[in-house]
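What follows is a group of structures, each given as structure tokens.
Two complexes are shown next, each including subunit A; its partner changes from subunit B in the first to subunit C in the second.
This part shows the complex of A and B:
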């Protein structure tokens, strides 16, 4: 169990701002945020690599804030493949065990087993430079895992890999880390889909703060704030200004009455959030097609309204001409509403929805 | 602006290539039309960067010819090819302002100051960067810096084509969306041919009018995104295009038919075939699941559900232990352990013979 209380740093680039969280052993936490959100800074602060101006790090209730890195029982895998170029794959993985004082034969035996788990059993005696990028990253992962640290941290470990290799390693990930089931696993990424797929718990960071956490599917369905909705939506979520007056939601030339599967907040300004599934073809609204893109079996259409921009998806492959007008409808039961301060104030009307 | 023709173009980094495997790029014939967008797609080491470097003139090809508007430019140096390039990491003068960055290529060519001013203003408008002209370039975000890199190529009026070498790698997912749209708009407004190198199939699909898929230096298939998705010519394209990859189910010959115990779906056994492997390729997007058995071609038990946001990926185990994946938006209504009826349109189940799409499925 890892507890952090009020972690604050004053680094020049990105600093942590009063970050608190309780991480439990046996869980995989994905930390999602854009570049500059503070993900790497959080990992570095846990390691003791970034000085804290405030806050505490506790490992199994013991305060380790002042403990040197090597005694923290933590491992980190970086985005870049970092291995010892002069050592064989086997010795790369045995290295941390040797440093812990294990005998050579025992260290190599444990390393060999771990390399089998990550699928490199046939490459023990190669040098890292003789492996592909994906294989090199598996070596780094094996070296981090073999120590059986209490905390295993992975900082965008797949970012430098080819798309398809990333897809494959994502699929294998739960098995790759299965030997570390007693550990707290922290995994940072900028990709919402990766964060949702790999984490039991997803933590969303923004501007050096944790702004949301929870089960990935729940957070996606009910993001607590507008910033959270923005960070976890890919394709991007679109925001449109509107206001509620006399039990009707107005935006641009459109309006929605409360009977459409959505309860409306009290009168005043709101931000309407639309994911692609909230927009359908045919209906009351007129939009201009900015661009259409093809993605697998779907067509992604960038729409320009009089009142803003949004993205919709149409199943199947269809050619749309940029500049054409398209009639669309907005599904009230799929839209989300945010208050001017950013809070999610969506209330679904279950009777109709 | 130019039509680009690759005529039997190949490259070996060895002085005397013996066989096919000595070629980083095996000889290929391709024609790229003026004003369209193209993507060179493949895994690391597939030869896509070699191809790009040949087009820009950084690598002289060992075999074949390269034509810009029917002119042989195979031996023309990079500086005389009028190519603009954008790289993986933004290349900008960080101490200069955006305006100075955009003006620099023109100053180097000795263009008159009034003309430079006009061109810089035009390009800044095209890039939506008018407001930033007097900001220091280092203050911009990664996606804006990439636009400046592009703008430095666009200001020149003599550019034949824009080469983009994985330009979206350092950009966050949501910003990629916006930058891709911007690139397409620039293509439409300027009519400039754009060639994108990428390993990311989704990026290639959404950017390009036509995609060239490569593997081990060999052209696998060249076609529109739609063709690559719905009719992959071989099992590699089926795997590489689409996420998750195409499901491949092994078929056994039986009484003139090719069948599987996993699904009630057959293909006629081609006459005079002495192939060793027959497979049915089905896209995860083409599998329809229903709670009941109506109109289904088989049943599968859900063993995994992945929530990816609006979409989900459902892993199904079929009776004989065959595992397939289906993509759906109804995943939130399903549970692991449920048994689902499976339907697939016949035209979406493709026959692959020894890894190549059968002529009957084309």
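This part shows the complex of A and C:
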């Protein structure tokens, strides 16, 4: 169990701002946030690599805030594939075990087993530089896991891999860490899909703070704030200014917005959030096509409305001409409403309170 | 076109090689000549162009009016250069690691200023340093001793070692140190177990520079020694008398170049930064 209380750092670029959380053993926590959200800073602060200006880190109720890095019983896999260039793959993985005081033969045997687990059993005597990027990252992963430390931290481990390798390692990842039942695993990423796929619990970070946490599906369905909705939506969710007047929802330009099934808040400004699948072809609204791009087997179209910009997604690969007009409809069941302070104030008719 | 380029390349490299190697061959040839062969125009090939004589070489190992014994100066030179280079390399590497990894601040003085302070010592013309060095060594009673020269050479070579190694350490990702610490090393352990083994190319380059500058220095070897201690570059000058013994000078030049050439051949394969690849993508 890892508990952090009011972690605060004062780095020039990104700093943590009063971050508290309780991580329980046996769980995989994915920490999702954009670049500069403070994910790496959080891991580095836990590891003792970045100095804290305030706050405490407790491991199994013991305060380890001042403990030297080497005695923290934590491992870290970096975004870059960092290995010891002067050591063979086997010695790379045996390195932490040797520092723990294990005999060379024992350390190498354990390292060899771990390398077999990550699929590098045939590469024991190569140098890291003789491996591909994906293999190098597996070496780093093996070295982090072989220690069996209480906390395993992975800082965007797949970010520098090409698409195919990323998919492959992402699929393998749950199997690779399945033995770490007693550890807390922290996995940072900028990709919502990865965060939802890999974690039991998703933590959303923004501006050096944890802004939401919970089961990935729940967070996706009901993001508590506008920032959370923005971070976890891929393709991006669109935010459009609007207002409620006389129990009617309007877009900013005064055009009536659909609100079937939504309980509207009292009169006043709101932010209307449209998920890409809230917009469908054919309907009352007119939009101009901006950029269109393909994502897998779907097409993402950027639309310009009189009242703002939004993103729409259609199944299949289709060519859309930039500048053309498109008639569309907006599905209220895929819309969310946020208060001016960013709170999610979406209440549907079939929902209580 | 490709063939033309290849031929052009070969011709150029051949020409350049001759340009570089010719002075050595010329010196080698001259070292086997006697006074007659030297003064009778340009000759190149022994036995064909001139009758070879070993006078040039033997005069370097005899004392008295017929030559000088260079074994003493050679050993002195080697001792001073090796000790000073080693001390500079050790101190310079430690200083450079500190400068590349930790932040120092004393008033307005920061890391970059300290690095510049080291380098700035090489900017001054040697003559500026000669008198202070002379007075300091005199106070220490270290004039005309190997110890005194080592002190002065460390002062001269340290900036080179700091400069080269600071640049080299800057190229080694800090994450490598951090990783060593997360893997159970102390900060000093990280330096010795991880950073140093990966710094061999940098150490070789810095070491080479120290050896070259130390071995070839004439000015301080000349101003800070008299009779007890004599280094090679100074003793070569003492060969010069009313008649310049070109044969001895040539042999001497070859002997004094040999150690550096030998070191260069041995360490040449380390002089690449290739070993760092694979540390970080």
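We take it that the second predicted complex is superposed on the first by the 340 of 353 C-alpha atoms of A that agree within 3 Å, B and C clash if a C-alpha of one lies under 4 Å from a C-alpha of the other, contacts with A are read in each partner's own complex, and residues count from 1 in each chain.
Assume a residue touches a chain if its C-beta (ideal position, glycine included) is under 8 Å from a C-beta of that chain, and two chains touch if they have at least 3 such contacts.
Keep in mind it's a predicted model, so treat the numbers as computed, not measured.
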{"item": "Touched subunit A residues, subunit B compared with subunit C", "value": "B"}
{"item": "Touched partner set for A:182, first subunit B, second subunit C, both or neither", "value": "neither"}
{"item": "Partner chain in contact with A:133 - subunit B first, subunit C second, else both or neither", "value": "both"}
{"item": "Subunit B versus subunit C as contact partner of A:100, first or second or both or neither", "value": "second"}
{"item": "Partner chain in contact with A:284 - subunit B first, subunit C second, else both or neither", "value": "neither"}
{"item": "Which superposed partner A:333 touches (first subunit B, second subunit C, both, neither)", "value": "neither"}
{"item": "Partner chain(s) touched by A:253 [first = subunit B, second = subunit C, both, neither]", "value": "neither"}
{"item": "Common interface positions of subunit A, toward subunit B and toward subunit C", "value": "133"}
{"item": "Complex interface listing, subunit A residues touching subunit C", "value": "47, 49, 68-70, 72, 74-76, 78, 80-86, 95-96, 99-100, 127-131, 133, 136, 143, 147, 160"}
{"item": "Residue numbers on subunit B that touch subunit A, as the complex places them", "value": "43-44, 142, 172-174, 177-178, 180-181, 184-185, 188, 199-202, 205-207, 225-226, 229-230, 239-240, 242-245, 283, 285-286, 306-310, 327, 329, 332"}
{"item": "Parts of subunit C lying in touch with subunit A, wherever the complex brings them together", "value": "173, 175-176, 178-186, 189, 194, 197-198, 275-281"}
{"item": "Subunit A - residues contacting subunit B, complex", "value": "34-35, 132-133, 162-165, 167, 190-193, 196-197, 216-217, 220-221, 230, 232-236, 275-277, 290-291, 293-298, 300, 302, 311, 313, 317, 322"}
